[in-house]
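Note that the chains are named A, B and C in the order they appear, and that numbering of residues resets to 1 at the start of each chain.
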Amino acid sequence: MAAGAGNFFEDFRAGQVLHHAPPRTLTVGDAALYTALYGARFALQSSTEFARSLGFAESPLDDLLVFHTVFGKTVPEVSLNAIANLGYADCRFLKPVFAGDTLSARTEVLGSRENANRESGIVYVRSTGFNQRGEDVLTFARWVMVRKRTKEAEVPPAQVPALPQAVDAASLVLPVKAVLPSTLRRDTGGARFFDDFAKGQRFDHADGMTIEEAEHMIATRLYHNTARVHFNAHTERQGRFGKRIIYGGHVISVARALTYNGLDSALFVTGINAGRHVAPCFAGDTIYTWSEVVDKAQAASSNDWGFLRLRTVATKDRPCAEFPDKQADGTYDPTVILDLDYWVAVPRG
Amino acid sequence: MAAGAGNFFEDFRAGQVLHHAPPRTLTVGDAALYTALYGARFALQSSTEFARSLGFAESPLDDLLVFHTVFGKTVPEVSLNAIANLGYADCRFLKPVFAGDTLSARTEVLGSRENANRESGIVYVRSTGFNQRGEDVLTFARWVMVRKRTKEAEVPPAQVPALPQAVDAASLVLPVKAVLPSTLRRDTGGARFFDDFAKGQRFDHADGMTIEEAEHMIATRLYHNTARVHFNAHTERQGRFGKRIIYGGHVISVARALTYNGLDSALFVTGINAGRHVAPCFAGDTIYTWSEVVDKAQAASSNDWGFLRLRTVATKDRPCAEFPDKQADGTYDPTVILDLDYWVAVPRG
Amino acid sequence: MAAGAGNFFEDFRAGQVLHHAPPRTLTVGDAALYTALYGARFALQSSTEFARSLGFAESPLDDLLVFHTVFGKTVPEVSLNAIANLGYADCRFLKPVFAGDTLSARTEVLGSRENANRESGIVYVRSTGFNQRGEDVLTFARWVMVRKRTKEAEVPPAQVPALPQAVDAASLVLPVKAVLPSTLRRDTGGARFFDDFAKGQRFDHADGMTIEEAEHMIATRLYHNTARVHFNAHTERQGRFGKRIIYGGHVISVARALTYNGLDSALFVTGINAGRHVAPCFAGDTIYTWSEVVDKAQAASSNDWGFLRLRTVATKDRPCAEFPDKQADGTYDPTVILDLDYWVAVPRG
């Protein structure tokens, strides 16, 4: 018998709740690997002393490490037979996660719609990660194109959920209330703080980072993400691209780490509005990024913090001094691989 | 002077006890790397909360991480001049190991027998790992073909120890007595529990995993394993295969991680009966696995746990839907690289 | 705007103090990665129990991990626009660093001198790492050739600091006073202790280790070192060598780990007199090493410890049985890539 075959399109029903195994305890070991894989330098996750000055007992784990861990948990039941991960919506980070916390995940099926060719369909789900105390730490919706086991299989009636275009700033959770002590401003890098940012401002993050096969597989296994396209060179040689595809979340983490140049005070990721993997990424590609400040919002719970809505665009093998983007005809510059719309929390400084 | 030249065949004497340096403290950092290198998802090692529910203070470290650490310690004195690692026998895991424990190892020479060509011989040893309290945590026998320093060197009379074909289930140590709470059944993955397994049952574990040079070297250094064939592309280019050979234990860990699909409740490895590295494994190879339930035994110390004797076969670049195996003429299918016979502990669930 | 462009030659002024962000808390996760990347086997860093027997609460972190962390912090402000890292002097390890400590760094500009071509110049700096209690843990001088932003830019008058040719043994800090218990002699490897070494003694460390792209990038990101030449295959394809260059400190750590064969009792690195990266190192190169005992000095603070001044030479793709070195004409054997002059602390044993 073949084990771990995963769900196919016809197996999903709106309202169904999927539980994902196993729970995963994250430690300082995972945090060190995260640093080693991406080189993230944000002060809050880099320095326990800095975190303490903001009232934490120690550094929270990187928000995206939490995201990848919860996402990875969902793969065996949600996207093992996925053709493509089509989009994210309404992703909110609800509570910081610390070394020693154990994360579990559940997924509710929001709806589904068969494709016209009857060979696959789109499944809409909301996944939620929670800690050992049962507290939700992260929630996000995503939609995925999933293969059918057989073309003939009966499927439920189409049901497409309404998902928000963006997370309302008022629903973002600011995980801290403390003022950043002025003596610690420079520990962030200190290039600029909340009041220094303006809508429309754009940053070329300058650095490029090349991704190796070993790196993205080490990362993706760390997240218990079992999607075959990332690990199996033997079958992917016959696949769509002739090679392994890098987990989209790996590219997101590379991009976030590169934004430190210019956005060093963006200490938390608090929400993801939308994310599009415009083109696949492969080992050997060099990732560059640029960002635009799309919106600003004062945090409701603290006068000393605000939220920036950012759009970060990642390219491969093209520096971003000219901000490669969508073109006049609505298609992207061919070097663009990621278009990520998200919220970060920034101290007033 | 050349340092660290290791022992040659003529240096080994039955009864001799070799001490291996240095001791090695394992931490959550090592555990995170183990996860990142293999993607193992067994609930006990993945979740501290799950481990607590079985009465542990925290997750024990992966049994095979303990094996590799003890094995690695023995390499400088036992197998630095090995031509081949021929086999394992009577491997028993005696006590769980936790982050913070320090492992040391000693090896007793059981016997030796020169080869007819007088250029090498087979050395039989038993290695034992023990923790900082002097408690044995692991013991195993192995036999290795080792070069002579010079063909003329005098050697001791042949002495071949009797080694068991398999570990008797009665001598296996079950490191836990607690019942798995029914609320945690699904946290293992929950595909099946002890009573759901039957002798002769076979599982195609479906997934394949490609190994990179950086990965197996990172792993093998983590284990302080200094065997030159794994690290030195410069000399291996002139070697038997023209390239670095992957540490056999790395393949065992990849195989074990892949068996999660189907055997997710196999929470402990408790013994290894025999292991054969049928063919060498190289970077770029994609590992697939299948397993057969060879035997079942009720645990003596708990009605709530049983032992499964498994045979896991790993192939390279061939999926295992057809269970590639030994052929009619006694030789293996050419894609088979590992044939591992071992015991796992499984809760009744 | 382009972010994180770094300082150019004309930006440096003698007396200027640069603060580096962010602080970095090192953990057992970083220590595990260090082991996995280099395979270092020195007993003090490998075993908490061994460290306790010398009076430490736990293992100090590897001295070179501390060096790389402090060095990495300085890159964004000191050497982002460096053409070459020319040398080190007067490097002293002042205090051991433990998992949980947070390291920060500051750099004083000692002087600078424009090159005749007016396109670049040499900047002399002293960088100091300190822990969360403000205690200095490491100090070193280095000089770097840095590009000018524009040839026309005005520069300060030339000012070249006097730097010592070597660290005086009397100024080395011995971080321990305890006698090595004789029962622990063999845990170091025990090949030889302080009194067994003699000036002029040479060791061929025998093993070779091949470096992969993923490995040096994982290491260098772990150190927050952002020098572009290590990470960006896309631009380096057009660069001087047509490929990424491995961080020189990575080669130093590989070399130090390889010296365990012969120098296993060299438990601490206490100072670096001088270091020359004779030739660049690239992924795929296999590193070999040999060492010479240049000097010996009794530790002032303990009769049970002494210092060895070592010269370790690393080659690529050439074993060191013949001790490849500087040649009669003063140039190096073409396989030599590193010539490191440093002090280690060794127990009398």
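One rule holds for everything that comes next: a residue touches a chain if its C-beta (ideal position, glycine included) is under 8 Å from a C-beta of that chain, and two chains touch if they have at least 3 such contacts.
Everything numeric here is computed off the predicted structure, so don't read it as measured data.
These two copies of the sequence, chain B and chain C, are related by a rotation of 120 degrees on CA atoms, to the nearest 5.
Taking shared numbers over all numbers used, the chain A to chain C interface scores under half, which places it in the different class. Rounded to whole angstrom units, the spacing between the C-alpha centres of chain A and chain C is 36.
Within chain A, residues 27-30, 32-33, 212-215, 218 each touch two or more of the remaining chains. By the touch criterion given at the top, residues 27-33, 35-39, 41-43, 46-50, 59, 186-191, 202-210, 212-215, 218, 260-264, 284, 286, 317, 319, 321 of chain C touch chain B in their complex. Against chain B, the residues of chain A that register as touching in their complex are 1-5, 19, 21-25, 27-30, 32-33, 100, 102, 104, 132, 212-215, 217-222, 224, 226, 228, 231-235, 244.
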